[in-house]
Each structure stands twice: as C-alpha cells, then as structure tokens.
Amino acid sequence: MSLQHYLADCHEQLGDKNRRAMLMTHVVCGYPSFEDNWQALEVMQEFGVELVELQFPFSEPSADGPLFVKANQSAIDAGVHVADCFAFMRKVSNHFSFKVIMMGYYNTVFKTGSDSFLKQLKEAGGEAFILPDLPVDEAGELHSAAAQYGLDPILLMTPTNTDERLQQLANAARGFIYTVARKGVTGSSTDMNQDLAEFIKRCRQHTDLPLAVGFGVSKKSDIDFIGEHADIAVIGTAALQAWEQGGAVKLREFFTQLTQS
Amino acid sequence: MSLQHYLADCHEQLGDKNRRAMLMTHVVCGYPSFEDNWQALEVMQEFGVELVELQFPFSEPSADGPLFVKANQSAIDAGVHVADCFAFMRKVSNHFSFKVIMMGYYNTVFKTGSDSFLKQLKEAGGEAFILPDLPVDEAGELHSAAAQYGLDPILLMTPTNTDERLQQLANAARGFIYTVARKGVTGSSTDMNQDLAEFIKRCRQHTDLPLAVGFGVSKKSDIDFIGEHADIAVIGTAALQAWEQGGAVKLREFFTQLTQS
Amino acid sequence: MDLFDFENGREGYYGEYGGTFLPEILHTTIEQLKTEFRKAKQDPAFWQEFVSLMQSYSGRPTPVSPLPNLSAKLGGAQIYIKREDLNHTGSHKINNVMGQGLLVKRMGKSRVIAETGAGQHGYATATMAARFGFESKIYMGAVDVARQRPNVFWMENMGSEVVPVTDGQQTLKDAINECLRDWVTNMDNTHYVLGTACGPHPFPEMVSWFQSIIGHEAREQILTAAGKLPDRIYACVGGGSNAIGIFQGFMEDTEVELIGCEAGGFGPGQGNHAARLAYKDASVGVAQGMKTYFLQNDDGNMLETHSVAAGLDYIGVNPILVNLWEKNRVRFEAVTDQEVTEALKLSMRLEGVIPALESAHGFAQAIKEATQMQPNEVILINMSGRGDKDIFTIADALDDQHWKQFISEKAAGYRGGES
Amino acid sequence: MDLFDFENGREGYYGEYGGTFLPEILHTTIEQLKTEFRKAKQDPAFWQEFVSLMQSYSGRPTPVSPLPNLSAKLGGAQIYIKREDLNHTGSHKINNVMGQGLLVKRMGKSRVIAETGAGQHGYATATMAARFGFESKIYMGAVDVARQRPNVFWMENMGSEVVPVTDGQQTLKDAINECLRDWVTNMDNTHYVLGTACGPHPFPEMVSWFQSIIGHEAREQILTAAGKLPDRIYACVGGGSNAIGIFQGFMEDTEVELIGCEAGGFGPGQGNHAARLAYKDASVGVAQGMKTYFLQNDDGNMLETHSVAAGLDYIGVNPILVNLWEKNRVRFEAVTDQEVTEALKLSMRLEGVIPALESAHGFAQAIKEATQMQPNEVILINMSGRGDKDIFTIADALDDQHWKQFISEKAAGYRGGES
C-alpha cells in the first residue's frame, strides 16, 4: 500500500471524533540512545501516531534548530553510523504499526550512494525520505530511482515559494507534502494564524496530496488548527524537549495534553 | 690671570717630577648631593687637581654615558636647579684653589639666556664652559659675549675631524682644548695607543693651547700617556665610580693609584 | 576558457561540482540573488563602480612586489608577490565584501550576516557594513572567537554583533551553518555575505567575479615588472577565493602553471590537516550548499580539520577549482604548519613582509619549488593578507617567550585594576 | 614658497628654528650626510627610484577616500582622508624610512639605528633594514616597549635588535638620546634613521622631502575627488613629519588652511599633554640636535608629557612647522585624549576606518570644525596610520572588558603551559 493510500485510510479511520489531524513525530537516531528512541517510539505508538521520521544524524544540520543540532552532534559523537540507523529502522518498522520515514541531509544519501541508500531504506521498511537540503531541481535522478523502489520523496513547500514553484514542487512530490509553517529552523514555536491558513490554502491549490504542517507544533491548539486546515501535524522539537525533561513519563504527559479531546 | 696662563703656570710648577699630566676632574652638581660633591672636591683638592668641571644637570644628556646620565637624572629628580649650581659654584670657587669650569648642555645656557648665564657664571667664579652639543658653527654670538666676560669657551677636538675642521676649532678655542680620545660617550675605558698619540699630534699642529684628553681616563698609565703626549688628563666617570663605591675613602684610593709615582 | 559559460546547461556547475543545495525556503531568495547578480555582471557600470570604490576606499590596485633577496637566497626563479595585504582591512576578503555590499544596496536590503573563520572576512564585512550603513551580525566559531579576539574586537567596534557559535567543531563550517539558519529566518531584509568562493551557486561565481580583480591587475603588473608572464602562480586555498581570484587573470595563458596550496597541518592522515585535494583524505559530497570535495568520513559526516591558519581550516573547497584540478589546469599541493612557519620567518627576515599564515602557505610551496627552477623563470605568489593581525597565533606558532611574558604582565595589570 | 631655500644664508634654519646641534664627533658624519642628501635631492633619478620603490613595495600612491557618512552626520564640510594607513607597515613612517634606506645604500653603510615611540617608525625601520639587508638596532623607551609590545615582536622577527631605554622618562626623547649615543660610537658604518622631521639639520629637511610624496599625491587626488582644493587640511603633529608631508603639497595654495593637531592629553597644564604650540606651556630651546619649541621648565629641562597616542608624546616639534606657525601659514590646535577616543569611535562606526590614535587627533579636530563649515567646503585629513596595531592601547582607551578577559585567559593558558 502506498504512503498516500495509507494516509487516506488513516484519515478515514480517524473520522472527526478524537482529533483533527494525523500525527507525524520525529526521533534523532541514537539520541540520547537507541534505547531511549525505542521507549519514545512506544509512547508515540500508544498515542497512535501515523508517521515517524527517523533522523539520520549529520554533522552539518544547517536546517535544524539548536535542540536537533545538539542531538545530531551527540549521536555522531556517540558513534552512531548510517548502518546503525538502518538496523534500527528495520527493528522499528517490524515492530510498530506507524509508518517510518527517513529524514536527514542529502550528503548521507550521496555519500552512501543513492542506489545503495534507497535499497537499504527499502529493506529497512522505510516508506519515504525527507531531505531538506536537496532542492527539487537537483533531485531528478534520486526521485526516479526512488520511484523504482516504491519510496516517496517528501518535499517541502514554504511560505516564500511562488505559485509557479509550488506547482513544480507538487509535480515532483509523492506521499504527502511537508508544508513549512514559517521561516526559520526547527524549534521555536509558531503562531498558527490566518497567514498560515492562507499559505496552506495556496499549497492545497497545487496538490491533492495530504499536507503535513511542521515547525514549532507543540500545543493542542496547533493540532486543532492543523486538523482544520491541513492533514498531518509534525511534532518535532516539542517531543524531544519533553523526553529530555523526563523520559517516557514527560513524553506521555506531552502527548496527553496534545491529543486530549 | 687667564685660564691659559694659569695652566702654563701650573705646568711649570709641576715640572716633570710628580706626574706627567695636569688633572681635570668632574662632578655632577647635586649628585649624589651637594654635600657629597663638596667632600669629593676636598679629596680632589688634596691630590692637587688643577681644574674641575661642574656639570649642570640636564634632562637630555645625549653625549654622556650611562653613569653620568643617571647622575644628571637623579640630580634633577632631587630638585637641583641652575640657580643651585651657580650658588654651589660660587662656594667652590671661593673655597678651593683649583679653577672651576662649567660643563653642561647648551639648552641650559640658551634657556637661561646667554648674557644672564655668562654673567652668573662669571659671578660664581667660573673660568670657562664646555658645551658638548654646541658646535662652533652655532657658537659665534655666545663666544663673543663670553669674551667680554673673560670667560673661555672650551672646544672639543675629535678623531673624526678633518684638519680643516681642527683649524676652525683651534681658531675659536680659548683656555685649552678638550681632545676626545675616542668615539662614543663618556664612561667606558679607552685604549691609550699610537692612534691616540697621532690624533693628539694632529691637534697640536693646529693650536698652542694646552690639550686635555678625556673619555675613559682611569689608570695611572693613562695619566702617564697623557703626560707624555698632551697636557691635561680629564678624569670623569672613573672618579664618580669610585665615589659611588665608597665615598671619600674610595675616591682617595682611586686618586692615590692614579697619581702614585 | 570562460569558467562561467555553463555550456553543459547546468547553471552553477563546474564539471560535476557546484550546484545549489539549500532549503526550499531560500529558493526565492537565491533566485532573486542570481537575477540581481546576473544583471550586475552584465552591467559594465556596476563593475566600474566596484573598481572605483576599491580604488578610493581600499587602495587598489595593490602592487606586485619583487622579492629580490628571497630569490637570490634560493638561487632559482625570480619571486614576485601580489600585495593583497595592502588592501584596507589587510586581505583580499575586502574585494568580495565590497562587491557584495554594492549588490545588497541594489537589492534594497538593510542587514548583512557573515560567517568568519580567521576573522578576516568578518572584519571586512563589519567594515563594509559600517561603510554602507547596514545592520550586521557576524557568526564565528567559538574556538575561532577565542583564537582571533583582535578581529572580534574590531568587528564589535565597527558596530557588528559577533555571535560565537558553539555547535559542532565551533569553527568556520559551523559558522556557515549558523548563517544559513539566520538566513532562512531573515531573508527578507538580510543578505548572507558568504566569504569565500564556496556555498550554493551563485556564490562561487559571484565571489570569484569580485576576486578576479586580483588576477586582472596582476597579469598586467607582472608583465611590466618581470617582462614576461609568470611560469608558476601560487595561492593558498581555504575556501578558494583568493586562488580563483588571481588564477582568473591567467586562465587563457596555458603556459602559466597554477598551484593551489592547501593546509597540510601536521601532515597526511584524517583529522591532521585541511587538504581536500592535495592529500587523499577527502571525497566528493554535498554540504554547505554545494557539491565538492569534503573531508568527511564514510557516513558523509565531516572530519575534524587542523591548520595553523584558521582561514584555511575548512572542510570543503571551491568547486571551480576542483574542476580545474580534474582538468589538470590547477595543481594542488599541501604545506605543513612547520613549513609555513619557516616560510614566514624567511619572508620577514629577508624582505620585511609579514604574510598572513594563510598566505604563507603559498610562500612555503613557492620556496620549495623555486630552488629547482631557473633564474630566468618567474614565480608569482598571491599574498592574500598580512600577518600582523595574527599576532597571537604567530606568536604562539613561534613560541615567543617575550610575548607570553608581555601577555602575563598585561593580565596581571588588569587584575590589579589598572588598565 | 620654497621652504628649503635658506635664503637668509643660514642652512638648516627656518626662521629662528632648526640648526645642527650635535657633538663635534659627528661633525664629519653629518657633513657627509648633508652632501649625500644634497646630491640625491638634486638627482631626479633618485626621486624616481624612491617613487617606484614606494609604488612596488608600499602600494603608493595611497588613495584619498571620501567619508560621506561622517560628512552627512556632521552636516558641514565634505570630509576626505589621505590613506597613509594603507602603506606597507601601516603608516606614513615607511616613506621616510625607505627614502633614508636608499641614501644609506648610496653612502655604503651597512647598519642602521632608529628611535621609536609608538613603534611605527621602528617597525618601518626594521622592515626597511630587512629589505635592504642592513644590520639594525631599534631604541625604544622601556615604557613604550611595554605599551607597544606587538611592534616589538614584529621588529624582532624582522631581525632587528630592540633595545629598551631605561633612562629619563623612558619614552621617545630618551630613545633619541640613546640613538645619538650609539651614533657617536658607530658612525663609520652606521646611519641614524631619524623618524620624524626633527633633530639636527639635514633631518628635518630630509624627512620632509621624503614625506612630501604625501602632499604631492594628495593635491592631485583631492582635485579629482572633490573637484576643488580643500578648504582645510588637518594633520596630527608628533615630531611633525606627516603634517609637513601633506602640507608641502599645498604650500603655494594660500587659500588652503593648514591645521596641525597636537596631543592635548588631559588638557592644558604642564605635564598633562604634548602640545608645544597650541597650548602655552612650551618655549624655545635647543635639544635633540635642534632649536625649536620644547615642553621644558625654566632650567631648560624637559617636562613630562602625556598623550594617549605614543607617537605624539614628544617634547619637541618640527622647526619648519614652528616657522610656518609664526608666519600664520599653519594653525595649531590641541585635541584631548577624550576627544580622540570619540573621533575614533565615530570613524569606526560610520566609515569602517580605524585611524591610529595619532591620526585620530586630526580626525577629532576636523570633526569639531566641520560642523561650522558649509557643505560646499572640503576638508582633507591625513590619516597617517592605521589603528589596528594599537589594539592594546585602543582596547585600554575604550576600557574593553571582553579584551581584558581575553588577555587574562590567554595569560592563564600560558601559565598552564599550553600555547
């Protein structure tokens, strides 16, 4: 089943009752440790997240905010390699019911070799990949190869894009689209407002794919907003912050407030 | 009696028996104190020096070596003024039998005003002045004025001078001539050798005035050498060094070795 | 050979290298920059404005000086140096920065950001910002802030905010990441003044263009001074801007050998140096906005690098130079810290010139090769900057005891409350 | 007006000032110098050699830069600066030094000595000595050695011996005395490279001649840049070499007002400053080889002086300038330390230029006067040197806490054995 169909199914099952948006969460592979990751994923599973990004740590995470930068760096310092990330992904995709997406920077793919990387990703049970520093103009070959493996490239749409560009992105996108709620890097909170709603509407005009909204999602009201205007809420930094504050307990608290009805 | 006649008389009295050269010694006014100066002069008197230079301390004693530089500086720091030097000179010239010569830098004269300076010098019983930084070319007016007061400008002849220049110096010189035994500043010892003898001979060709030899005179053999080739041995740094080592006692020892027969 | 005709149809690519690898949110910004840059490049009045600004403000043309004593001592080729050290702010970095300043004015932006490693580029940017009246923020690895405090002092006094970057290795590459983070947030009013011929297109082309002023001047000057073209030209390569700057004057002169001199640090071996091409420790990757050779491990994560010269201590390299290297148009060599220190001493003693530690890499390689050349051959070295602002680093490199004592006494004075 | 025709028949005199007041032992040496200098001055090839050396080695001509932001902010005259800071070694001192170097070569001497206060002249002399292959010794007041260690570091590294002078006030004047002492000993093979337009004739004339390159360039440049002659020219006056250097370009232009800016230090009052003419604390005297105004007491002994700028902290002044002052051709003003610091801050912030503390005296006086001038009037300031080598002094003057912390950490690092 394709990612897009999976999400359509999820959406249908969800109905309108419990919560308004599907959820995509994020862990940085090996930070603080793979054991921590696993426990965090168990909590996420409890709360029924539909998608999880596993970030492959990179030494130059220039699109990330301070918390993820530190997480990337710590994981590398702790000796986390690409092979470890794939091994972990395989365990995760075998065990959990949510779908797993690789997130990282293009050099990880490039250096591993596109084909080798995609093959391993497929074998590890990944569904898609998000590479924020690989613009669509540079991604042609990778996307074709991915298609052969049935892997979806997740593209980002941003408030600064022209309509023309949004259309170009839509044409290349598969699975779903990651709409960036604001300028800046991951981390600080976003004001979910009319501007954002209009930006999402602009995106919607170019694609039928589900729309995820990311960057700074941290509150119940954010989820409600995204449920109303888009499809998937991306929860990144806020969850890691909770984990750092108190592991599974705090993370559970965080998801409880986020998903309470 | 003019300085030149005084020296001729002294020379005659000396004969050839006790020592070969007349002596000119040096004190820096007010260093270490006027009392020390006085005691030093008493010792010098004991040993029958014919001439004494009283150096008026100057802040920029660029022709002096380290010991005199320090002495000049200390005297100024201790508050020695030009007026104090004249007052001291008057006392000295009243009390002692040697003749007194002002030594210093031209700015002391210039700043006091030439006429005022010469007048005070005369009144203080000075016979002459030595201003090592006032070249003969710049000294015309001062020398004329000095002549009116019966004061002698003591000029320096140096080994670097041409014959022409030596003649020019000889023409302007009065009293005696200070021949500089070597390049450099006061202080370190001089090798009294054939070169020096020849230089003195060159000077002699230009003048009948008594010739003093200065810069680094410190040993009996120097005095002998000077006695043989010139007229007056100038004892500067070496005597001050003795004084600094042990006051009147050491100074007396110094002169004893210098003048023993 | 026009380096920038992109005849293969891939704008911003030099052979396999270059490109624009940036977050989508910067797409519009970078397109706008490309457009403005293209317009400026096609407008002869713009270049004229640039040249006359550099003349009146920075003292261009900088001269080419012969080094007769060094040449005589080595007994080989006649050595000349192009004097980028005589620029205002003391290095070639000002060429690029003033050029970008003019572009910023055209784009109507009011704020600039810049990364800096050695501090020279930050210093130049702070200067430019003061002169153009821009708000400015300089990102600098915390390690570099510590080793280049004098530059920080001047940047701050010229009104720039200097932000120490504590991520990663806390050096140049991390400062670049931090600039990108600022830029994705503030692109509306902010231009990122990249300091070397690296990063996403159009930066390599743009920086190269502004720095080509070095090569154009130098060609004419060396012809006058030496009566012939140089046989070899040496330039240190950090990001590669001063090298491509001087090389561009001689691209058509195929008989002129071009030599890029990288930071050999302690010598070969991962982590010991910052030589991307001369040693065998780097491989092709994509980071910091571009595809080029990087000092990276098998996972594509960047290695630690080392050089006595902060300005050469960088993981990546100018993609244009990589292409020229593959085409055998530019030879790459690495010079160790120790060779650099020796070259520095020689040039101070024999010629009274103090190259920056970066530039001294070019001197060192030239010195090695000059002895094997003939007295009728000519060497030109790009003296990209002056060393006197590196006093702390150079004093440490020379292990100068007087200096250490002076610093200790100064510190004691501060503790005692005097200033 | 030819300053050097000595029509009154007294060679080396400017009105009542100047002359040659040296120990007899130097008579022959100074005569020989006068002769060689006279020959050189009458030989157009010599000046040509000088100019081309300065072009290829020091980057001359240095530009004239407009300061549009400062001018706009002050709302008065249009301000321009002559960029002597862009010279090799960072100040105008190199002009004089390279010129004397050429003379030394002509005289066949092999050793040079020099005094230095701010360190700039010593630095330039060490550079020249390295370049010409002369042995060299630099005398520097011990107080100045302590406050200008970076310059000492470079001098030593260029092969000069730096001798701290512990006599007197341990500053510039004492270093001059010490040079004279060395010279009376070693005149056979040694030339004394005096650093400013002071001392015995022919030094004031000689130094002025070499420095006149500033004024000759500047006149042409300001005409091009501003379209007219400047209404006023400001130059700081230590010994007076940069001032007489720029003024000489405009001697015939009687409509151009020339303003010498002295070190006002803490303000008027003996011992508080180094203003010989602008304040009333100096009088005529004879010292350091010349007759001129000195800061001295009634006994003719020199006073303590003070300035934030070591290079202006001097008891005497160029006799040529004194004569021009008496003739009302040059106006003298004094600028206090505090005004200087403010001017420095303004020029850094608004224009990205860092004048040496010495040069900042000219800036400060111009800033004071510009506001009362009309926008169609033009000011030219001689920026005699760059401030970045004064970092220790400037950081202290600005009481920079980061800097103090940096120095303390650096010192702690040295104590800990790291370097």
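A, B, C and D label the chains in the order they appear, each numbered from 1.
Please note the rule applied: a residue touches a chain if its C-beta (ideal position, glycine included) is under 8 Å from a C-beta of that chain, and two chains touch if they have at least 3 such contacts.
These numbers were taken from a predicted model, which means no experiment stands behind them.
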Shared interface partners, meaning chains that touch chain B and chain C:
D
Chain whose average C-alpha position is farthest from chain B's own
A
Need the CA-centroid distance for the pair chain A / chain C, whole Å please.
38
Chain C and chain D, separation of their C-alpha mean positions in angstrom:
33
Taking the mean of the C-alpha atoms as each chain's centre, how many Å separate chain A from chain D?
66
Think of each chain as a node with edges to the chains it touches; is that a line, ring, star, complete or other?
line
All pairs of touching chains?
A-C, B-D, C-D
Touching residues of chain C toward chain A in the complex: what are they?
19-29, 167-168, 173, 176-177, 180-181, 184-187, 283-289, 291, 294, 296, 298-302
Partner chain D, residues of chain B touching it in the complex:
57-63, 65-66, 69-70, 73, 76, 81-82, 105-108, 110-112, 132-138, 155-162, 165, 169, 180, 183-185
Within the complex, which stretch of chain D touches chain C?
55-59, 62-66, 69, 83, 85-88, 90, 126-131, 133, 146, 149-150, 152-154, 156-159, 225, 345, 348-354, 388-389, 391-392, 395-396, 398-400, 402-404, 406-412, 414-415, 419
